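By letter and in written order, the chains are A, B, C, D, E, F and G; residue numbering begins at 1 in each of them.
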């Protein structure tokens, strides 16, 4: 049995919907395409949410990992 | 006898409830699943608290370590 | 089959229009000329947008990667 | 005679009460259990103080070193 | 054919006028003398602009790269 | 003749009074005990000053170097 | 002919008056004594200026490089 690591959660989320809370309070929802060791993430069908309501459709985005507060599978 | 190290506290908290105070003042409570050397942590059954009262159920989250002020077993 | 990486999205955007949301809230639109591992990017025909409306034509700019929130092909 | 180093002060404080002023202005008081090279510190019986008055009992906490302004034996 | 890199834009700007937008919103205009890998730049005949209007003549300055939002040939 | 380096000023201040201006505007005055390469400094008889007037006696403190704006012998 | 580098400007300023604009908006004027690769600088006869007017005489200071916006010979 190998020990689990935090990045396993992103890896298992490839092709799945996640919700990402940014440091500036913005929520981004969409499907994980790829990520790297800095937590830079490509999200497909990304939507910017305001209090859970759709604010803007962003399409495919490359999000810089340093802006992330937390990420959660949905 | 080996000397204790700060990360031992997170290691001993795997599978246990912790309270995490973030730099932005938000409190997150939940069960530690895994962590790494940057203090990135996966929390299961995560809840966002406001002055000790449940604000939002977040489910499983991967929290970036750089946002943490302190972590405490509960 | 090789695994996809976040920077592939910038690489595929060379010569294409992108929209870049900066950490300070400003949006920059223009054509990607080049980039490096710090996400420093040269944008040609760069325009500063305010709520989607053209605010200033900036011409060719070298944008420091550290200021970027996310980047999106348009 | 060996030269003294700043971290000697934390080392000598293991098992002793310290007061820690955080960058956000909060004061934490409690007993040092362990620390590392990033100044991450485990504090036992930690209390959050507001202008010197007890605000919240935090129990045992792991405090990220990057949040510390200064630390002082009490 | 060698691939272009973002710093090529600064290199080609040596001896030329550039406009530099700083993170704090200030614009600096002047002639590039030299730069390094941190984007530290020496600007000759530097002028601080406020909404495009000359505010202060700064002469020759060494600007720390970390303060730069973007740089643009003029 | 060897060239002088900025840290020589702290080294020569060991056992002497210094005034330290922090990034958050607070002034700390006291006697330098030790320092390291990150400018972490132990100050003995430290006093927090407000506009030059004593605000709080802090005793011996370990100050994290990253919080320092400048340091001056007094 | 060797290529010029940004730090050459500080090196040529040793023993000369410079004006340093800090990130927090404060201006420091004085004579450069020494500097290092982090742009940490010792300034002799340092004066804090407010809109070009002398506010406080600081004497000799060691200024942490990370606080500098730009430096200019005067």
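In this text, a contact is a pair of C-beta atoms (placed from the backbone, for glycine too) under 8 Å apart; a residue touches a chain by one contact, two chains touch by 3 or more.
Note that the structure is a prediction, hence the values are computed from the model and not measured.
Between chain A and chain G, the least number of touching-chain steps is 3.
Centre-to-centre separation between chain E and chain G, using Cα means, comes to 19 Å. Here the spacing of chain A and chain F, counted between their Cα centres, is 43 Å. Of all residues in chain F, those that touch two or more other chains are 66. Traversing the ring of touching chains from chain E and stepping first to chain G, the chains occur in the order E, G, F, D, B, A, C. On the side of chain F, the complex with chain D involves touching residues 22, 24, 28, 33-36, 40-42, 46, 58-64, 66-67.
Chain C makes touch with chain A in their complex at residues 3-10, 23, 39, 65-66, 68-74.
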